[in-house]
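Labels run A, B, C, D, E, F and G following the written order; every chain starts at residue 1.
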Amino acid sequence: MSNQEKPAGYDAAFTELKSILDALQQDEIGVDALAEKVKRAADLIAFCGERLRTAEGEVQKVLDELGEGD
Amino acid sequence: MTSSSSIPSSAGNPGTERKVYPLSKVTAAVSAMLKEQVGSKLFWVRAEISQCGFKNGHAYLDLVEEQEGKRMAQLKGTIWSSQVAVIRKALGNEFDEVLKPGREIVFSAHMAFHAVWGFSLNIQHIDLDILLGEMERRRKATLEALSKEGAIGRNGRLELAIVPQRLILIGSKGTAGFTDFLAHLKSNVWGYGMDIGVVDVPVQGAQAPGALVSALHRAGRVALRTAVDAVVVLRGGGAKLDLDVFNDLTLCRTIAAMDIPVLVGVGHETDQTLVDVVAHTACKTPTAVADFVIERMSEFEGAVGREGRAIAAEAKSQLSENRGFIAQSSTFIRERPLAMVRGQRGLLFTGANAVVRRTRTLLSEQQNLMGRIRTAVNAAATGIQLTRRTALEELQRQLSREAQRQLRQQEERMGNLKGTLALLGPEPTLKRGFSITRKQGQAVRRAADLRPGDVIVTQLADGEVQSTVDALQTNETDT
Amino acid sequence: MSNQEKPAGYDAAFTELKSILDALQQDEIGVDALAEKVKRAADLIAFCGERLRTAEGEVQKVLDELGEGD
Amino acid sequence: MSNQEKPAGYDAAFTELKSILDALQQDEIGVDALAEKVKRAADLIAFCGERLRTAEGEVQKVLDELGEGD
Amino acid sequence: MSNQEKPAGYDAAFTELKSILDALQQDEIGVDALAEKVKRAADLIAFCGERLRTAEGEVQKVLDELGEGD
Amino acid sequence: MSNQEKPAGYDAAFTELKSILDALQQDEIGVDALAEKVKRAADLIAFCGERLRTAEGEVQKVLDELGEGD
Amino acid sequence: MSNQEKPAGYDAAFTELKSILDALQQDEIGVDALAEKVKRAADLIAFCGERLRTAEGEVQKVLDELGEGD
């Protein structure tokens, strides 16, 4: 996996994030890579957050519309 | 009487010397002869009255004797007025019935001759008893004969028409009985019409039986040509003597032999005539015969009426039943179909309502289901989002925590390493008083490596001391 | 018996009337026959009534035709 | 039996009427056939009524003949 | 049975209506078919109503005529 | 099944809707697909609602028919 | 490994440090080398410390940014 690439989607991002975190928890990441990994994780979190917000917005919009249809 | 007939025959005798007498001589001779031969002697004579007239109280009769329609004798008879009174007294009510044409009488008489009026019988008494006695005797004999012949009841066994409407009436036109009979029939209150053929015959006198028989035969012939219900033989009221006609054997035989019922109305009060015995039905008077006929017709019409009324009643009852059924049908047909339509409308309405209710229920269920699904989708979506957000936040926290932990751990390790390094370096040893001796910068590990005089630098904890080696001493064990 | 014929006479008429009543009382006949029977009864009654009141003069006619001499 | 035909007589009409009424009573006649059946029944009732009147007239004739003009 | 066809008559229509109702009550009809069935039911009800009105009118007419004939 | 297609009918729509809901409830749908799935669900719900309204309209027709028929 | 070279990174430095310390603890190093080794170790420690601080700074920055993004 190319860490620097934009993730394919939330799920891919989340999976990557989880693997980063696992690696962190397993102490598999050295200090040299740490900052970079954390950065990547932060990017992924931001990406996921963004995606969540977008999805929420869309869902809310759909639900709002659906609600109006009553 | 044979002597009187000899006069014309002798007078007509040819070849005799003609002596001519004046007529009076002849009558005088006849008168003398009669007087001498008969005188005032009374004779009993039987004769029939053919003519009867009264003049100045005297009765003048024409007397005849007939056998089988042939006139055998004829004489004048006179009853002088004094004797008329006597006879009238003796006969009483019968007088008028006896002294009339057609009547056979037995009488006592003088023979009388008159030069102008001629021969006559001067009647003194009329003896009915002889006639009646003879009559009774003959009647009994005839009855016996009829009985032997089986004539009695024969006609009576014939079935009389239920409506004896077509009649042949045998009687003497103009007599009271005849007229009464017809009048009675005509004036019937029911208005029945009669079909009557009349055979006019004398019903008294010597020729009466023959005439009646002949009339009956005619009736029989008529019956061959057209329907005849009955023959009615009538005789009005009259003298007992006249009844003898109706005891005539031939007449009775004829009646008995008739194929048509014979109804008789021979007026009499007590005794039956033999005609009454042999006839189908005998009534006392012609009027009674008329009543009999009318009553029979009326009974028939009554019976017809009863049948008719029974038929009408029965029919009415059956029709009324049917009328009732038709009325019920009419009521039923007025009510039932409309009730049925109303019922169907109710069913349709119920069905339609059920469709509506059921469909609404189904739709409402579906709508509720949709609502629930929408809520569930909403909840699930929200839940997913929340879970994801929470997870993300958790990850973020873990990331922060782990990164910092990592850094802290490294720092700690670094610190430890630093400590270890400090312990492992020479300084702690030097501080405890150990020192490092170097010769020309090289640490001296063995005493043997030194030579006295060597300049050595001794490193102490807090500085170096430069010295020169004075002496050497080695430890054997160290090698 | 032919209903439509003129009855042979009083006896036939009366017999027929009686048989009509019997038939009616036996309840064997429907209204159609009933009407016909009743009609026939009326005819029969009329026949009897009329005939009872009719003087035909037939007997005298035959008598006259036969003449006295027969 | 052809419904539309003039009935053969009262009895035939009566029988047919009865069968229609029975059918009605038994609810065997549907709405489709109802009007037609009712029409037929009405015709039959009228026909029977007429026939009854005729028969009653005959009865009256009998009574009239008998001089009972009631 | 072809639902779209004009029913043969009231009885056929009513029978069909009843079968629709049965199916409805047996929960045999999905919503897709429901609309169609209900539409058919509406048509059938209209048809039956019309037929009932017609039948009633005809019957009434016949009865009115019958009434006059009495 | 192609999600984007117009559903074949209420029942098909309902089935699809149910499977979406199940998937949602089973957490089988990632955030990436979520909005789309929810949108599809909303479309399906709208579709179903429309279908229900149509059916309701038919019911109203029956009621109108009943109202008139009174 | 050239002890005198600048280490490739924290992890390399840490490894070298560890090996130096191990060697020290095994008493494998003479006093002459000791000082040098100790010096090297001290240098490495300093390097690592520096690197840690840098990483810390970077991580903190990333996390701070991430925290703000919430």
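The rule we apply is simple: a contact is a pair of C-beta atoms (placed from the backbone, for glycine too) under 8 Å apart; a residue touches a chain by one contact, two chains touch by 3 or more.
The shown structure was predicted, so the numbers you read here are calculated from the model rather than taken from an experiment.
Two copies of one chain, chain E and chain F, touch each other, and the residues they use overlap weakly: the shared fraction of interface numbers falls below half. Of all chains, the one whose mean C-alpha position sits at the greatest distance from that of chain G is C.
Annotation: 32 Å between the Cα-based centres of chain C and chain D.
Per-chain CA centroids place chain A at a distance of 111 Å from chain B.
Separating the CA-averaged centres of chain A and chain C is a span of 127 Å. Multi-chain contact residues of chain A (touching two or more other chains): 10, 14, 31, 34, 38, 42, 45, 48-49, 52, 55, 59, 63, 66. Multi-chain contact residues of chain B (touching two or more other chains) are listed as 305, 308, 311-312, 315, 319, 322, 330, 333, 337, 341, 344-345, 348, 352, 355, 359, 363, 366, 374, 377, 381, 385, 388, 396, 399, 403, 407, 410. Contacting chain pairs (ordered by label): A-B, A-F, A-G, B-C, B-D, B-E, B-F, B-G, C-D, D-E, E-F.
Against chain B, the residues of chain G that register as touching in their complex are 10, 14, 17-18, 20-21, 24-25, 30-32, 34-35, 38, 41-42, 45, 48-49, 52, 55-56, 59, 63, 66-67, 70. Those residues of chain B lying in contact with chain G across their complex are 393, 396, 399-400, 403-404, 407, 410-411, 413-414, 417-418, 420-421, 424-426, 436, 442-443, 445. By the touch criterion stated above, chain E contacts chain F in their complex at residues 30-32, 34-35, 38-39, 41-42, 45-46, 49, 52-53. Per the touch definition, chain G reaches chain A in the complex via residues 9-11, 14, 48, 51-52, 54-55, 58-59, 62-63, 65-66, 69-70.
Those residues of chain B that touch chain A in the shared complex are 374, 377-378, 381-382, 385, 388-389, 391-392, 395-396, 398-399, 402-403, 406-407, 409-410.
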